[in-house]
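Shared between the two complexes below is chain A, which pairs with chain B and chain C, respectively.
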Partner chain A sequence: MIPALTVYHLLLLVPAPALAAFMVLGLAPVFLHRRLVMLIALAGGTAPLLAMTGMMGLCLTGQCRGVAPIFTLQVGTAIVDLALLLDPLSMITGMTVTLIGACVLIYSIDYMAGAKTADLRRFFALMNLFLAAMLAMVLAGDSIVYFLGWEMMGLCSFFLIAYNVFSDPAVAAGRKAFIMSRIADALLLGGLLLLFIAAGSVRIDALIAAGLALPEGQRTVIALLLLGGALGKSAQLPFHTWLPSAMAGPTPVSALLHSATMVAAGAYLMARFAPLLAASPDVMLVMAVGGALTAAFGSMTAIFQSDVKRLLAFSSISQIGFMLLALGVGAPAAAMAHFVTHALFKSLLFLAAGDIAHSAGDDTSIAAMKGAASRRPLAFAAFTIGAASLSGLPLVTAGWWSKEEVLDAVLGSGGAGRALWVLALLTAVMTAIYAFRPVLIALKPGPVDAHPHTPGLATRIPLVLLGFGSLTGGLLVGPVIRLLGGVHPEMPAYSVVVAALAPLTGLAISWQLSRSPQLADWLAARRLLRQGLQIDVLYQAWFVQPFQRLVDRLSGVHGTTPDPFGAAPVTMMLWLKRQLIDRFRSDGFDSGWMALAGTATPLWAVARRSQSGRARDAVMALAGGTAGLLLLGWMTA
Partner chain B sequence: MSLIALILLPLLGGVAALFAARLGNNAERWLSVGVLGIGLVVLVAACLGGSPDPRWLAFSRTPWAPSLGVQLLFAVDGLSAAMLALSLGLGMVAVFTSWQTNENSGLFHAALLWTVAASNGVFMSFDLLVLAFFWELMVVPSFLLIALWGHGAREASAMKFLIFNAVAGLGLLGAVFWLGASAPIVTFDAFELAKLARPAGVQTWLLAGFALAFVVKLSVPPFHAWLPDAHTDAPTAGSILLAGLLLKTGAYGLFRFPAMLFPEGYLALAPVGLVLGSVGALYGAVMACGQTDAKRLVAYTSVAHMSIVLMGVSGGVHFALMGAAVEMVGHAFSASLLFFLIGAVYDRVGTRDLRDLGGLQRTAPRFAAVFALGFSAVLAMPGTANFLGEALVITGMFQVNWIYAAIVLTALVVSVVYATRLLKEVVFGEPGPKPVTQDLGSRELSIAVVLGSATLLFGLLPQLLMTPFTPAVDAVLASLEAVRR
Partner chain C sequence: MTALFWLAAALFGIGLFGMMARRSLLFQLLSMEVMLAGPALAFVAAGAARGDAQGQGMFVLILVLAAAEVGIGLSLYLRLSRIADVSDVDTISDLKG
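Moving on to the complex of A and B:
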């Protein structure tokens, strides 16, 4: 059943170009010239931005809440009604995703210039598919399209992390990411299906309404399942270990998927289901505490990293922790404001780091950044702006404005909020420490450019755009919060001052660190902290190895052992065969007949003697026989 | 009458193929394709032709041996029609995949068509004796396919297949005789037998006989031991028929007959089915993680998926039953696709050992792209029919008991482990000692595209399957409802 078209059906045009580009690049079995590949990828990557801008126009004219039904299907007593949804939340998230997507795809034209045409095509096909999937998830008005987009993102993430299919670590990182997020996805799927059973519909508003009507115990379980899904996708404790490994993918992938958009999807999920979660205070508390702990853990671990991309990965973990912290204290608007600014400055950081790493012969270590300021001034400037925004330097950076909203919301929530606020402030200090470490190292003199060339327009445009956004994006924070219906709590003046001092303190510490080589060495020697408390190692020992042992035990180290469980009926049948068939191999009746046949043997031995083969015996027998016959004839006559 | 043609066409077509092979010019292949194509047309015509009973799309009753109470009683509803279409369609795919098999090609195509004919008989017979006849008949031509055109230890595998299925078939045959003889007037008409009341204990025993045959064919642990061997050693066409048809006859039988004939027995044995399915879903998935033979790996994924079908069929609620039916179709396409692709690799390099394979991405990009599609289907990505089926089963399991739902969700997680492993060993990495140098040709590509797009089509447009399956699901629920009250 196709419903009547409304203006909101234009939402379909948002993911459509990216999907079309994927189909041409990924599925059409025809040769495409390199330039054509790039052109199609660009078209698919930028057209969603235009379409989304149109929808934003619709939104700003006051029609910011609308549903575009796609189709309806009766399943038993339930109704499956797919729809796209435009509301302030999906509009803001969609705008952010399309903007970052367009910037990263433009940047990729330059960045991926060295790849072979076939690899280039695969890369852009997957990037476009990812964009389509993410937009489908953002604009979904029902749990089916939502989960479709959610899972497709995971699939694209796997293929893009393992983009370099010849590198074992990259493939292993891709599998790790896929398996870990699948665990979380299974939790999310369970939660969504439970809501579906309760609601008899798949529309998200119906799911929330039905969830709110459930008894408290069930509601808590469902909220926990949804939270589990968010934690996995967003690489939060205890699911965070896949994200640092995922940095094995190309830098544009890290910029788009593994920092700005996909990883933050957990925050979007929580914001989408915020009314349902708000009804479970215990789950909210878990989310807030978990977010704050993850934020602190991520930023602390980031300080000890020696690789820029890993540093940024832990930074993403930490910043998304801030978002979940805000969501946990019931401030989804502040969380989404931070989502927007984080997307801007984090993708900027990755793109700038990628360009700098290019100039150092694709070395992503922090040490290799030495001399970046003179080698790649634009990228260095962009990185510095990104770092400033990430640390939240007061007033001039976008990051400050959104983080301020988060901190105020946490402090304003009272109760445990005060403790969490202190922890968040400490995190802000640590954020500035790690954010400026690479910047300060890049200022030192270093080697000359490995690939001396002026970055092309495709590199410069995104860096300038995102850099501009990272500075002025603070202007967006107010409108975003208003659109999402958030309120700004009245804060005592001390809190603003303290919050502004935190990043400055961090900057000062970072400055001290960069001037003292002993301190830097001390940092580098803290292995346990650098490896994120070795949680990865623990998981290896607790989960991966036991599973491997189970598999080996069941199927043999190389699949050699025959299937033990399957062997059971075979063994039983063999036993039956022994009992029923082998036992009667010497059949009683048969032996009777055989015994009868055996009596022939002595008779035969006697008879054989007559066959001597001698003419004398034959003649004698002949004569005897003839005589006998004559005698018989005479006697009977 | 046209329903009988669905059996006679491939049966006689098989005989004709024996002789057509002497003509050369691929006559037997085109003959087989033609026969199966006509079968599809006949099926569509029969379903559109209407029937006196609104419950069935097509219905035909022909007396055969009235004194024994045996008749040719065929009925087709949405579920049967889907299974018949699957059988005819995958039969065609099997012909196209083995276009290069030259040895004794006449008998090969005859065996293939006979397998289709017998499974068609299973998918629409409602005279139980005829059902049991086709049930046993099905095993013979597939046995030949494995024993004569297989690889490796093909004779042993074929024997194992034969013994498991023939012995289990005795359960069905015995129960059918018992049923027929217990009726006041000897009959094997399932509709008549369903009306007779039986004590619950008797029902349970009779159902156990039926279920033995069905569960062994479905290859649910611990009755699955024949499947990995048979799949590994069967030719590609044989694997496609095994996964696409033979396993589905087991699922179809469990779907159709237990609730219809023995509703109280069904309720008594449903927990057994749920537990067997749970164990099998996890066991199959974990075993798949440890295999080094690519085909064996896929065979164990079949075990896991069929166990999920068993859970759905045993669930006795709308979502679970619907999910099982959808999963039957989804798995038929996804498993066929993977068996076909691995067969194509084997044809090129002569090994299926994961340790020797690799690097398709570099040497055969089209191959790699299609493999990625099969990969997505086997791990039940949303958008594939497999996901639709599994999500529905999980929903149903939540209504039965959340533990079963959690088990299917766990199996979904493990599916990523084995699927990514398969992809890593076959597609990723550097090409192994025997690289695949030849990409998919146009014939192979079309097969893969047909199978792949079917998976997506039914996943993205669920009403294509769920609307026609509704009467069959409702019939099961109605039988159960009658005794639950």
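Moving on to the complex of A and C:
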């Protein structure tokens, strides 16, 4: 059944160009010239932004609550109706994703041109597929499209991390990300299916309504399952270990997937199901405390990093912790405002870091940033703006405005909120420390350019655009929160002053760090902290190695039983033979019986001829036997 | 309606004939797909005739089954092609009694 078309069906045009670009790049069996590949990728990456801008216009003129049904199937009492949804939440998230996606794809044109792996077509096909999947998830009005987009994102993430297929660490990192997200996705799937059973429908609003009608215990279980899915996708404690390894992928991938958009999908999930979660105060508390702890852990670990990309990865973990903290205290609007500004400045940081690393001969360590200020002035300026916005320097940066909203929401929630607020302030101080460390190092004189070429227009446009957004994005925070129906709590003056002092304190500490070589050495020697308390190592010892040992045992690598399930009956039968048969061996009765059995041998010789071992004969026998049975049934009926 | 059932039966028959007549493993897998299409069509036809969506539901299930079957079949094909001649399955008869 094809439903009547409405204006909201234009939503289909948002992910469609990216999907079409993927189809052409990934599936067309013809050779495409390098320039054509880039052109198609660019079209697929920027057209969603135009379509989404149109939908934003629709949204701002007051028609901001629309469903575009795509497909309906009624089976028994359950209805499977796929749909796209336009509401303030999906509009804001969709705009952010399309904007960042377009910027990163424009940047990739220039960046990937010099990449060592020549397989540009695969790269752009996957980037476009990711964009389509993410937009499908953001605009989904039902759990099936949502989950499909969610899983496709995970798959693209795997392929793009392991983009350099000749590098073993990259492939291992991709596998790690894939497996860890799979665990979390299983939790999410469980939650969505339980909601479906309760609702008999897959529409998200019906799922939320049905979830709210469930008894307390079941609702808590479902909320916990959904939270588990969000924690895995957003690389929060205890699932965070995959994100730092994921930096093995190319820099544009890190900028688009592993900082700005995909890893923040957990926050989007929580915002989408916010009414359901709000009805489970215990889960909300778990989310708030977990978010705050992750934020503090991530920023503390980031201070000790020696690689810019890993530093930024821990920074993403920390900033998404902020979003979950805001969601946990019941302020989804503040969380989404922080999502928007974070996407702007974090992708800016990655893109700028990528350009600087290019000029240092693809070295992404912080030490290699020395002299970046003179080598790549534009990228350095962009990085500085990004770092300022990340640490939230008061008034002039976008990051300050959204972080302020989060902090106010946390403080305003009272009770445990005060303790979390203090923790978040500490995090803000640490954020400024690690954010400015690469900046201050880049100011020092360093070697000249390894590849002296001026970055092209395709590199400069996104940097300027995102840099502008990272500074002035604060103007968006108010409207975003109003659009999402959030309220700004009235706060005492001291909290604003303290929150404004926190990044400045961090900046001062960072300045001290960069001036004192002893402190820098001390930082470099803290191996345990740099490796994030070695949680990775623990996982390796607790989960990976036992599993590998189990697999080795089952596959019989070390001379053990290859197949325990097959071996068990054999062992049992041998035991039975010893117990029963062996006792009666070689008496008269036994030999008489064996003689009788021996007469069957000629029969057996005939019968074994039917076992030709050929699959086709087995098919023929199967078909003939079935036909015979059917004939018998038909005749006796 | 009846014509659709005849078509379904014909598809099944063609697939079965292919399974028995073809010697190449790849073509046998293809024939199996054709065989699966027969019952799937019958389900859809029956569902359409009775105005019942369960026919389509069964079709989706068969689609999933076919996907799983292709997954297993092709991986078996790849593994087998390393150790034996898959262009003539009759040579693979290690289970001969």
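To be clear about the criterion, the second predicted complex is superposed on the first by the 556 of 637 C-alpha atoms of A that agree within 3 Å, B and C clash if a C-alpha of one lies under 4 Å from a C-alpha of the other, contacts with A are read in each partner's own complex, and residues count from 1 in each chain.
Note that in this section a contact is a pair of C-beta atoms (placed from the backbone, for glycine too) under 8 Å apart; a residue touches a chain by one contact, two chains touch by 3 or more.
Fair warning: this is a prediction, and the values are worked out from it, not measured in the lab.
When both complexes are overlaid on chain A, the residue A:L457 reaches neither chain B nor chain C. In the overlay built on the shared chain, the residue A:D168 is in contact with chain B alone; chain C does not reach it. Touch criterion met: A:L189 reaches chain B, while chain C stays clear of it.
Once the two complexes are overlaid on the shared chain, A:M573 sits against chain B while remaining clear of chain C. By the document's definition of touching, of the two partners only chain B reaches A:M152; chain C does not.
In the superposition on chain A, A:S610 makes contact with chain C only, while chain B stays out of contact range.
Of the two partners chain B and chain C, more residues of chain A are touched by B.
In the superposed model, A:L73 makes contact with both chain B and chain C. Once the two complexes are overlaid on the shared chain, A:L475 sits clear of chain B and of chain C alike. Where the contact sets of chain A with chain B and with chain C meet, they give residues 73, 75-76. Residues of chain B that touch chain A in their complex: 160, 163-164, 167, 221-225, 228, 283, 286-287, 289-293, 296, 318-319, 322, 355, 361-362, 365-366, 369, 372, 376, 381-383, 387, 391-392, 394-395, 398-399, 405-406, 409-410, 412-413, 416-417, 420-421, 424, 427-430, 445, 462-463, 466-467, 473. On chain A, the positions that touch chain B within their shared complex are 26-27, 29, 71, 73, 75-77, 80, 118, 122, 144, 147-148, 151-152, 155, 158-159, 162, 165-166, 168, 171, 174-175, 178-179, 182-183, 186-187, 189-190, 193-194, 196-197, 547, 550-552, 554-556, 558-559, 563, 565-570, 573.
Remark: chain C residues 16, 19-20, 23, 28, 53-54, 56-57, 89-90, 92-97 touch chain A in the complex.
By the touch criterion stated above, chain A contacts chain C in their complex at residues 73-76, 608-616, 619-620, 623.
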